């Protein structure tokens, strides 16, 4: 299960401890977007300090941090936005379970963004802080997944710009949850292909592949299951960070999360079914193999015995030795008779097996 | 699982986006029915615009849209009836999970209508808007399933006409849920036939058929399970769209939904049982095959050995070579003795196996 | 699952539709009992009309209808007692799930009476209407199961006569629920007998019998499970149709329903266990068979090979051809040596297998 | 499941019916103990009438009835203590599920006392009435299990005497529940021994023993599971029969009940695991057997064939017949060559199987 | 399951009985730490009496007792801190389930500290009393696990010193719960290694190892599962022993407990999967073995038969005996023909099996 990278401190570490960035890690990249109903502009920033002036404006601010943030950056962020050290620790210790922590002044969310790559399912952690007028998002991995949202923000007729920043949270969450559709569909398609292979020619690799699919499913299930509760927890929370209008959209988001789980259940049933088919195919083939062996053996064993019988040397090739010493050998029709018995035995056996339906 | 056609937009698409109709798709057909307690008349309409005047009358209006509605039609509908864009999106993205969305002015429901065709179970999405005095229904697939309801509406003594439009919703839902009876009965009957086949002659196709039945069951279960909650959610909702009298009927509908689930559970237990029987049948047959092989082999191997023994060439056919060189070959009763030993061995083996109950 | 006869109307049928009686069906028989604390008298009635006068008396009235009631009778009943058409439909459409429908003026209950016959479990539907001062019961099948209750009513010291009619409902329900004890005990006894058979001699019929028992269990479980909720639903209902004193007895009835479910769970565990034992017995026997084959084959194959070796014709019986052409054949102790090698090989193999514990 | 002796009346029997004592049954023995904080004295009584005077004293009274009470005794008891007839019926019909029935004036409890004997688990029913100032206990079977409690009561420094009679109930329940520890430990130990046997030498008896253990577990689980709820039901009940101080102790008792269930779960997992190991051991041994057979057969079959080949009689021992008639037979190195080929074939096969890891 | 050492008194023992220390047991070691926001000092104490003066100071006091405390020490503790005898009994009877007992004046907690040693998982019981201004902890086993917490307390910038003693409880619990991460990661890693072994070369030990891993998992699951409820029970309790600030940290602790359970679930799924792979590997290898045997047998049996056929002695080497006595033996091309037939048969068989995909 190397795929769920779960970082944790050794037991006994003080809470809220931030580890120094791993050596050679690329510095996290900050992107700042400021928007009002009328306009939306992306501002190039180098550090969090550059972001501060934009927080004081009435416009909504979206700060997206791509990559692993340094402890300094996180501490700075904590001070500037009044965030809890435990939340900051969770941002850094990726592999957290999706959760929703309502704080009086802001919401802290962890979501799981599934991603298929190299036949494997990966889960990227998306950490989100939502405060009055600002949204801060982190994604743990190299590529920025939020480009489509940014494009929609820039669009002339953008709905997002017309609503408070809570709607931006919805847009981000919706993208994260809908990624589950694509991912689970991919896996379901793979297992469908396997299905045909299993029925036709179960091979040694089949069980490895099934095991592999099952692991991918486990990864998805464990991380997407709590995501459903995440959305409903936001909906239950009474706080004006999310306005009534956005709640309607979040309810739709919740439906999607349930549908993703439904697809995953389908997927799981498929894999269970695959394993059953694999095992029964093995069993069936074994039956097939054994039937073949038994048919061949039970036909040829009596024949070989008869042949062996007349290969005995009683009388030592001397017909005069004893009249009881294999007189058949000297009969005029001895050989045809032996062949005839053989054909009869083989035929009887064959008929018997055909009646039993063995071949 | 191609049978659950679940359409979804790529992640990041703005919510409420309506896709253009697929090319070559037949336009959706609109049927409008207006009824009061006294009369019921079906009115030919071409577009939604034609429907508008009927909405303003005190008579109840039922608009049924058969087939895939175009985005234009949906948008128009949304504006005219004040429907939420997300609901309209769900109407178009068929394959949704049954659900109930109460809006202040109207109810939005998605139900799943199961249908058996070509040995397969298909689920058609039925989307329903219920407002004061009007019901709008959509079904995703070619044929109109609501003909029986329409017939009842036209009937002289129709109960439906005597009650508010909520009762029409009940009539529609009742038809949708009762379709589950027929569908699950069909499948149960199929599995009952298979049952006999499995016990008599398990074949390679058996496992494919069981797998096939299991998939059909999965489709039914996933879609009909939430249907039960759908009805109880309507019953819990406090709103005068559904009057007290209709609630009694809906409770009956809820009972039916539970009974459908009961049948499906029966069906599932049957399939599990079938797989068990199949595997144990394979195992039993294998036992049978192996017993046959073992009996034949253990009888003929000693015989063949004895035959081989007296086929050895010690003394090279020269009785004088050594008195120890297979003197049996020259005994007067040598051959009958050998045959006697063979019969004795075969008889003993046969007795042993019969006592063991192997044949 | 032919045993759960579940009648249902085709989807789209108006609710409350009553089908005409099947042709040739015997007419339902009505028995009327009127009782007060002092006396109890059974009155011969021909039709429901004859019952009406007794309803107006202060005495409690029990009308029992045995067999399939005609639609006319049901409609009449509905009008006279003010019963809901959906309830009447459920009386006719037997195979309903046990349920409890409280109406303001009366209770409607469906209970399931299990009955063992011809090695099969059958479920008879018992429909009950309880109103102020009257109880109407229906049983779907030929024989009247309530004779014991009637006998108790007639008895001098009858407790039932001393209480309101709700106590009669208890007496009827108690009888229905306790029938589950007898039924599940029967089935458990059958599976206990099978158990011994499975361990001693698993045969082809075993799996059929297990499958048969499993189906019987399914029938019982599906129908008796909701019965438990039925009783607790009556207890929860606040209505003076059931007095406080009777509630105590109903609570006991609820305990019995739970104990029946407990017995059924035992039964289910037994069947699961039986299947496991059956499969492991097959597996064990297969091991046994294969071990026998292997021991015989590995002993006789080398022997046959040695015999075959000295059956080769090198030198063509001409000792002078080559000194290397099977000189053993001409050795003085050649034959005893060959026999000795064979005995040694067979002995070594035998020892090896005995050490391995294979025979 | 003969071990759960569940007595029940035939369906239709009036509730509260008490059966006459079985013939030859030893009469139930009554022991009466009266105690105050200062003293505790056991009083010899012959019948319940002798107990009456002690009930009126302010001292606490414990009446223990060992064995099956006669219906007369039960009826007398019911009248004297005001007990419900249904409760008295449950005292007689042993095999009841543990339960707690709060009556306004007294509590009625049924508990299950597990006992290991002759390799079997038995459940004795303990019925308890707790009233103000008195406790009446019944145990269904021969030996008195409450001797340790009695000893504690007699002890000088007894805690029990210092508290109201509810604490005596706790002492009794604690003993009953803790008996589960000993019982489940015993069974777990047995299954641990079996475990080693299964891995070393799975035999025909193994599956019988596993089945036997599973049945014992079922008996324990079914009866001890509701015991947990029993204690928490007493704790929830608001009534001053149990004082605040005793509740603390009962909570500890509840913890013990949960821990017993935990041990039983361990035990169940063990048995499931045992069955898995048994089946996989069978499978593994089968593999072993088949590998042996295959190695022997594939080595000796080619050898036997070669031997058979040179046992053919082409040329009939007459080298002049045809130069093509098995000239090898007359080659100088013919025989060594044949032997060489055999050794080579056997060696190659051996190497091949060793590389495959088959021996 | 020797690993869950669950001590319990024989049934009937008075509650709160403390057993004398086992002979030869090392006396428990007491460590006392007193700290305020400014300073922290560890004080050497010999007995509990030495601790008393420190309790009266306003500074927070942490008494840690390592090893098995003597009954005298526990009684003394109970009197001095006003602790309940049942709690003291639980401290001594190690192997208790994690639980939380809120008393009006103090909290009593039992936690389970998992520890991997010698390839086995061990659970040490950690008993905790939290009172106003003091924390008393016990660990049942030799080594002191709380060294990291003590180090943090001594540190200059210690957060722990800045908060009330409830925060120290958090620090201790956090360490206990985080130990589960390490433990379950270890086990998961072991099962990952096994996974590769199972696929490559399933051996007799595999099932033992899987069984062993499963037992370890059971131990972990049973003890860590209630730990989750423990933390949430503390959070639910309304009492000012835990201040608002610490609750935030405890919520994080709760998240960790859930994540540990998630890892254990992963681990369990892995083991189930391993068993499946093991069984299917056995089955697959059996197929492989049987296919080999069948291919060899069905190729060589006909060949051996043909060889045997021409080894028959009809005509006894006397070509003149009968023209029908195996004339092939005297044909010029007789031997090549026989060889040709053999090659043809072997080739045909080979082709057939290759087409069937058997080798």
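So that you can tell them apart, the chains are marked A, B, C, D and E in the order they are listed, and the count of residues begins at 1 in each.
Here, a residue touches a chain if its C-beta (ideal position, glycine included) is under 8 Å from a C-beta of that chain, and two chains touch if they have at least 3 such contacts.
Please read these numbers as outputs of a predicted model, since none were measured by experiment.
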Residue-number overlap at the chain D/chain E interface, same or different (half cut) = different
Working from the CA atoms, figure out how many degrees chain B turns to land on chain C, in steps of 5.
-> 70
For chain B and chain E, let me know how many angstrom lie between their CA-based centres, rounded off.
-> 41
Sites on chain E at which at least two other chains make contact = 279, 283, 286, 290, 293, 297, 301, 304, 308, 311-313, 315, 317-318, 326
Parts of chain A lying in touch with chain E, wherever the complex brings them together | 1, 4, 6, 8-15, 84, 86, 96-97, 99, 101, 201, 204, 207-208, 211, 214-215, 218, 222, 275, 278-279, 282-283, 285-286, 289-290, 292-293, 296-297, 300-301, 303-304, 307-308, 310-313, 315, 317-319, 326, 328-336, 338
Taking the complex as given, what residues does chain E use to touch chain A?
-> 147-149, 151-152, 159, 174-176, 178-179, 181-182, 188, 192, 195, 199, 248-249, 251-252, 255, 258-259, 262-263, 265-266, 269-270, 273, 276-277, 279-281, 283-284, 286-287, 290-291, 293-294, 297-298, 301-302, 304-305, 308-309, 311-318, 321-322, 324-326, 357-358
